[in-house]
Each structure stands twice: as structure tokens, then as C-alpha cells.
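Here subunit A shows up in two complexes: once beside subunit B, once beside subunit C.
Showing the complex of A and B:
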């Protein structure tokens, strides 16, 4: 365990905790766009900047809280002048890139920014290149999409910019996208994403089309469990588990007490 | 070659090499660096060799194709030792004459001598030429006398003596201490004390450690590392083996640009030879210490020169940097403690081991005896390019003034133009004006002046250079080379380029300057890696030292250096005698006039390409 000061408040966290988690544990909030708790920190959006002073040092520096390790004796300011200016500039730049994104507009206006200092981009989608879609896809083991290009040309793309052959249509990329920039349409037991159509399988209990066939097969293969294990949608699966547990824990106890 | 089994054998082998050489035999060192290759230096070396054989001088003369000599402006180059006769701009068909006259009869060929552009006098000896006289070629010197592909040449000069000394007399900790005390700082640009890095890496927990040589030199116009690797690869390899011993590593990597084919090939040859000689691989010199290394070729991304991006690329991932809050000396390549140094840094190591701390610290600035950041020691190689008479690679002691480099070594600005600025530190360095010419050149002084040492690029600019345009050029370069991962670097550079382009086309407003400064501050603070953090330097340094040029563009809609095309006008003056040349070459057909009569430029048609002014032989065209 180690102690550090966040905005003057002393907090104790476990060694190895990221500064962002420590800040949130202390009850403060810093904005993020490229962060997801299930994924490794990435440090691309730079919104979570904070000013830190390490123990024994005179100088402070601006760091990103998502990937900065909490250190003993650290003094952290989450709203210092340097932090606010940097964060505001990042939002100014993002607002010029995605003038139409409600998420970006809301974040910007929460910092008093209603118009960007730069000419807004024309004909650009709302991708801010946070990399969440690419990283979640990689984490799930598919790597169907990736970052392509460099500098201003950087973009999220599938190989050869064609419908990605390794995509199983799980839809995780669309779900983690902070600006809702990845179109996913479910209709008539079919899913369309990344310009590909996927047949969907229905839940054997409620009948809802809940998973693409490819994703189901990949889960069966990856887990080594029988296909029947995945025949229920998440909700029905939870409800069945609850019923089973109730039966084991409550009814079995009652039977036992009757004996 | 048989493997050298121990220190004694190494000593005997070296003595054998030295005694087999006839000290009276003339040596002709022909520069065969990449620069001179463009002048067919390989053909020259072969022609010289053939002539020597033909004229029966084989016993008396040896032709040695060496690494780069540095004076690229004057290729092909050769030096005849021991007389120190320097010939420049030697063509292949002059080979016979060089052999028959100079080598056979000691006759000097006047037409091949260097003429001092300042005094107009011809100079015979290399050591009298100002370009060389004011240099101190500690790292570069040996490479100018040896064949890079012959380990025997390096061994004869005392090569691998430093390694033998370290392995026979020193403990790893003592080697680290030695480098720490020498005050050696990273030559790749950061200027971090090498000894501190080594010690942290050595002390990091874990059994496996890696050492890496960063040869991903990417600054436009800079080629110090390439020349070192091409010309004297063994000095870098020896430095790495010593470093590996000090740190406790058994595996190293040389990450070199694939655009450096000669460096790649010479390094491969050198590694094979070092392995065969028992100086690399298992059980080095019979001491039980084992270390080997591999060459990895970079794919051409500038950002891969950044250490974390380089390691990602080495591991086979896309070369993108990660935050260095956890240092690579603790968690680097494959998450193991990794010590990465630049080519030039590694090449300094054997030198320090051989000659000692007292000697090394006598060169340079400051006092590093208590604080490794207290000064800059040793020499630095710069690639001196741009508007300077003697372009090439120069190695100078730390602390030398910019004026000495540019005027004494570089010969000053050509064509009687006025000096305007010198850009140091590569694309993310800064531009310094004339008032800074007496500035001593070291890590800290250059940073204080608003520029940086960087890896050693030095671009001289004359009065025909527009400083706004220069800033725009470098920002464009950095935008193209940004990996695009983090917002401040990717979007910030893009917006910076947009603003600078606006100013260069006369569309700027004064508030753009405040915006540039604000954006710069946030990029420096907020970017993920050093590329983005230093990207505003060209803008900030030109704003600091040449703000009036920005204001001229914005307020007066005028480019003082007459570079920015939308802001300049070409007109024909009274000197025009109607030769019609400009009229004929104008691609826009904007010039009219009869033969032998005054010509006129139609401003509506003119697109300011400048072809007319270049073609006019009578100074009859003005630009403003």
C-alpha cells in the first residue's frame, strides 16, 4: 500500500494502481476518451492529464493519469492551470476534427468551449482515433481491424480496406466507441457491421436473435465448452443461473431441514 | 581467421599485424563513404589499384578504400600517407596520373589540391586545410584509415584493446562507474548521462537484459551515424560488447535503417568477423563472458528512432511510442531491462576505456565530477549542411562556438550572401540568429538558447531563407512522420501547418501568433513522446528570434526573403537588354517584349515560379 495526495486529499492505494484509478477512488473525476477498464491504458486522447510532483522533486510535470503509476508521496493536481489549458487545447483540437459529435461538443462546452479556435473539418466522420475498437478487437483475439496510415493520414481500417474477413460480428468495437462512430444494424436476425452481413442465432429460451453464428462458433472453439452452453442469450443465461442457484441454495436447504 | 582464445593471443595477433606492415609503404586512403559513391569512388579505388599493379608499385603503395572522410563537398577524396597529401574532386581518369606522378615520383598534382575559398591559396596537406584543422576527429579519425570490412585493419590500430582491458582488469560495476565519471551523455539527442542509464539498467531486477544500438537516424540532412557504421563498424560493436559486459546482458540488437544499405552490409560483415575472431558470441576471449547481437532493419519511420517505438518495432509491432513513465531501462524490449544508446554514444565507449576519464573529461565543457549533468564532455559529430561553403561531417570538441564551426570549418556562407540563421538539432530543433554565433555548442547551452543539440544536424541559412517557410517545412516533416497516436501531436501539428501555410500565403492574422504559442505550449506539455513534445521548437524559436518576419507576412503582406510565392512580385528593371531568354523560359508565357527591347512581366499571368530570375544573365529581374 502507498499514500499519495490528490488535490490535497490523502489516499491510500495498492502498489501498481494506475493514477487514474487512485484519482477516481479519491472521489475526483478526470475526463477520458480512450480509456476502458477492460483494456490496457493507451494514453492517446490526453484528456486525463494531471499535474504531478514526485517526492523529492522541485518540478511538477503534466502526465496522463491512465498510464502513470501511483507512487508514494506523489502530489497530484487534477485541475491546475497547466492541466486545464492542456485539456482544453485537446478538446479544441478534437472539436475542430469532429464538430458534429455530440460527445465531443458536450465535453468541450463543459470546459467553456463552444466553438473551436480552428476551422472545423468538413466531411469527416466522428472517429477520434482513440483506438478502443482496434484494441478490444485484438483483446478478444480477432484483430479484424487495425490502425492504418501515419500522422494526419491515420485511420481505423480493415485489411486492404475491404470488409474484414476475420470479423465475427461480435459488435464490441461499436459498443466501446466513445463517439458512436461504428455503424451496427441488427434487423431480421441479421447483423450488418463493417460492410459485412452476419446471420444471427436465436436464444433457445426467449427467441431473440442475440449472437452471430461466427461469434458463437468462435466462443465454442475458444472455450472448449459444448455449443449447448451458449444457446441462451445473456439475459436468459443469467436468469437460468439464478434459478439454478436458488434451487441449490434455498430449496436444497429446505429439503435438508425437513429431513 | 582462427578464434582468438585469450588476451595474450590478441596481443600477439596484433603485434603480428603491425610488424607485417611496412611503415615506409605509402597508403592511399580513398574515401568510399556513401557520399563519395555518387562520385564513383569505388571505380577510382579500383583504377588506382590497377594502376599500382600496372606500374609495378605494389610493394611500395597500398590502396585502402576507407569509410567517410567527412568532406563530402569535395568528393571523391583521397589522402596519401604518411605525406598527408590531400587530393579532392579526383575523377577516375586521373588515377593513372596520381600513381605515375605523385606515388611514383612524389610530384604534387596542383589541379587536385584544395584551394582555400577565403585566401585563394592551394593547400597540400590535409592537416593544413581549415575544414580539418579545426576538427578533433576522435571517433571519425580511425575510420578514415581503415577498410571497414577488414577486422585486421581495426585490430592493427588497437581495436578491441578496450574490450580486452575491460574483460581482463575490470568488474562490471567499475565499467559503469568509468562511463559515469567520464560524463558521456547520449548523442542521439536527449543528452541523458550514459553512465546513469547503464547503472539503472544494471540494477533493474531480472536475469535477462538487452542492449540496443539505435541506428535509425532520420533527421533530414544528418548522416553522422550512417558514416560511423559504414566506416568503422567495429568501434560501435566493441562499445556494445563493453556495455553488455557492464550491464550484464548477453543479447544485443542493432536497429539500423534499411535505407542505409552500405551500413547494413558493413555491420553484417563486421559481426561475422568479430564472431569468427572470438570477440563476439560464446566465451569471448576465453573469459566465459558470452554476448551476441543481431541486426534488425528499420522500415523507414522517423518515429522509430524514439526508443519505445523502436522496441515495439523490434518486437514486430507497429512502431508507436508508449509513455515512458516506466523507463525502458527497467521494462524495455520484451518487458526486460533494456539499455539503448545511439551509434555515436557506443563509439565513444572504447575510446573512454582506452584513454581514461581524465583525458576524456579534459575535452568539453563544465564539471561532471560530481554531477553527470554538470557539463558536456568529449566531441560531437555534426553534419554541416545548407548555405555553407564546406559541407560535410565535422567532429568538434563540445563547447566550440557556432561561429567557429560555420566560419572556420565551414568557410562561411557562399556567394557573398549574409548569414541569417543556423538550425541545430534536426526537425525538432530550433533556429538561432547571428547574435548567437558565439554561443558555445553543448547540450545545455543550446537548450537555453531555444534550440537543442539533437543528433547533430546543423543547417546554415542565408538571407534568402524565409524563417516562416522554414518553420512550415519542419512542421510538415513532423506531421508526416508523427505516428498519429496522440491528439496533441497529430491534430496539433496539422493545425500548426494550417496556420503557417495561411501566414505564408498572406492570409494570416496577428492573433495567429498567439494561437501558435498557445498550441505549442499544449503540445509540449500534452504530447505522448518526444516527437510531439519538441515539434513546436521550430515554430517557437523562429517566433522568438524572427518575429518580425512573421509580422511582415501578416501586416505588410510581404515575405522579406522573397520566398513565399503568394507574397512576392517579379519585375524587370532597366538592366534589361531584350535578350528574350526570360520570355522563352517562362512557363506561364507571362513575359512580353520585342528582341533588343525592354521586357515586361504580366503580373496576372505570373505565378512567381522564379525561372526568369534564374535564367537572366544581366541581373535585370527584381524580386520583392
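Showing the complex of A and C:
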């Protein structure tokens, strides 16, 4: 356990806690875009900046809280002038990069920024290079997409920029993307994502297409659960549960009337 | 001693009060959520409320690739750690009872959490088809 001060409030956290977690435990909020509790910290969006003074030092530093460890004796400010200024600058740049993203616009306007002071980048999509899609894909064991290129050319892509051969079409990347930049279309029992088409499995009861075949197969294997667990959509599994309970109920009644 | 939600289907009159109570208890910013309990009609005048059985060997927990589902030691209910869920939706497909639910645009899947130990469905069920009892 170690003690630190956050906005003047003394908090005690376990060793190894990230500063962001300590701040949230203390009841303060800092905005984040590239952080996800299930994934390794990445420090890419720089929105989670806070000002820290380490024990025994005079100088303060502005650091990203998501990948900075909570240290004993640390003094942390989450809304100091330096923090607000840095956060504003980060959002100013993000707003120039993705002027059309509602998420970015909302964050920016919450800091009083309605238009970027930089020229807006009209030709770009809403990717902010937060890497959440790449990291979730890796976490699920597929590693189908990666970060490619450097500097202004940096982007998320499949190796060789082809439709990713290791993608199973699970769609998790599209769902964690903070700006909704990854198109996913389900139509006629087919899913299209990353320029690839995936066949979807239909529920054996109602016929609804509910998961891609490749994802289903990979999850049966990874989970070690029987394949029969996966053969119905959730709605039909529920109906089956209801029928099972009903049958028991009827049986119980019969037994009761025999007694 | 721990408590569990017990279902007695024969008492259910299909009024769906439980669904409404659940949706309101799980409201966020004043907007009711999707109900975690669902009443199914099986025959004329036969209804069964279905909700999570909080399985010992839960398929959802086993299938989750990021350990976003943990059992609450106090209530015994399996809870979704909303910050950890990546919405891969594997649990939704893997639960053989159909008790994991997608509620878009929420950032996590949803399931019955016995309302933290005071389940609204049982509280409002007029016929005690749903009861929260010591087991």
C-alpha cells in the first residue's frame, strides 16, 4: 500500500496501481480516449494528462495518468492550469484531425473549444490512432490488424494493407473504437468489415444470423465449451430455457397428483 | 447464508411487472434499461420468467477472454465489470440459457445482478412467482 495526494486529498492504493485508477478511486475524473481497463495502457491520446510532483522534488511535470504508476508521496493535480492548457491543446489538435467526429467535438466543446486553431484536415477519416482496435484484436488472440506507417502516414491496417486474412469478423474493434470509425455492415447473413465478407451462422431455431462462422469456431476452441452452447441465438436460448422449466413444472405437477 | 432468486413458473400470470421493475431499476440518466428478466409465453395462460441462474460453472465466465465477469462475493451474483467488457459478445452466444444481453449503445453487455442484493423483480412480483429467498 502507498499514500499519495490527489487534488489535496490523501488516498491509499495498492502498489502497482496506475495513477489513472488511483485518481478514479479517489472520486475524480479525467477524460480518456485510448484507455480500456481490459487492455494494456498505451498513452497515445494524451487526454488523461495530470500534473505531478514527485516526493522530494520541487518541479512538477505533466504526465499521462493512464500509464504512469501511482507512487508514494506523489502530489497530483487533475485540473491545474498546466493540465487544462495541455488538455486543451490535445483537443485542439484532435479537432483539427477529425473535425467531423461528434465524440471529439463534444469533448472539445466541453473545454470551450468550438473550432480548432489549426487548419482542419478534411481528407482524413475519424481515426485518432488510439490503438484500441489493434489492442483488442490482439487481446482476443487474432492480431489481424496492426499500426502501419510513421508520422503523418500512420494508420491502422492489415499487414500489406490487404483485407486481413487473420480477421474472423468478430466486430470488437468496431465496438471499442471511440470515434466509431470502423465500418461494420451486416446484411443477408453476411458481415462486411475491413473490406472482407464473412459468412454468418444462422440460429438453428429462428434463423437469425447472429455470429460469423469463423468467430464461432475460434470461440468454441478458445473457451473449451461444448459447441452446443453456441448453436442458438440468445433469444432462442431463452425460449429453450423457458420450455425446459415448463416441462419440469408439468412433470412436478404430475408427480404431485400421483402422490 | 446466501439468497437466490427463485422462480415458480406456475404462479406467473404474465403481467410483466418484473420486466418493468428491472428496466426501471437499471435506468441510467432517467432512461430505463433493457430488462434482464424476460417473461416467455409457453401456452395459453402459461408464462415463465427467465433470468440468470448465476451458475456455479458459468459458461459466460469461462468464455470471456478479458475476465470481465466476476462473482460478487456478497450476493453470489455474476456481475459484468463494465469498464473491462470489450463487447466481443462471446458470453451472449455462449450462455446456454440466453441470459446475457446486448444493450446497444451501452459499452458493456448486461445481465441480472440481483440488483446488488435487493432484486426489484421479486420485490414487485404480485404473485411471488419470483422470490428472493435464503437457500
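Brief remarks on what is shown
Operating definition for what follows: the second predicted complex is superposed on the first by the 222 of 259 C-alpha atoms of A that agree within 3 Å, B and C clash if a C-alpha of one lies under 4 Å from a C-alpha of the other, contacts with A are read in each partner's own complex, and residues count from 1 in each chain.
In this section, a contact is a pair of C-beta atoms (placed from the backbone, for glycine too) under 8 Å apart; a residue touches a chain by one contact, two chains touch by 3 or more.
This one's a predicted model, so the numbers in the text were calculated from it and none came from an experiment.
After overlaying the two complexes on the shared chain, residue contacts for A:242 are found with subunit C alone; subunit B is out of touch. Once the two complexes are overlaid on the shared chain, A:154 sits against subunit B while remaining clear of subunit C.
Within the superposed three-chain model, A:189 lies out of touch with both subunit B and subunit C [touch as defined at top].
In the superposed model, A:230 lies in contact with subunit C only, and not with subunit B. Looking at the shared chain after the overlay, A:38 reaches subunit C, while subunit B stays out of its contact range.
Using the contact criterion defined above for the overlaid structures, shared-chain residue A:62 touches subunit B, although it does not reach subunit C. Those residues of subunit A that touch subunit B in the shared complex are 43-46, 49, 62-64, 67-69, 82, 85-86, 89-90, 93-94, 96-97, 117-119, 128-129, 131, 147, 149-154. Note for the complex: subunit A touches subunit C at residues 36-39, 136, 139-141, 170-172, 175-176, 210-211, 216, 219, 222-225, 228-230, 232-243, 245-246, 249, 253. Residues of subunit C touching subunit A in their complex: 7, 9-10, 38, 40, 42-43, 46, 48, 50, 59, 62-63, 65-68, 81, 83-90, 92-102.
For subunit B in complex with subunit A, the residues that touch the partner chain are 301, 303, 318, 322-323, 325-326, 479-488, 490-495, 498, 515, 518-519, 521-522, 525-528.
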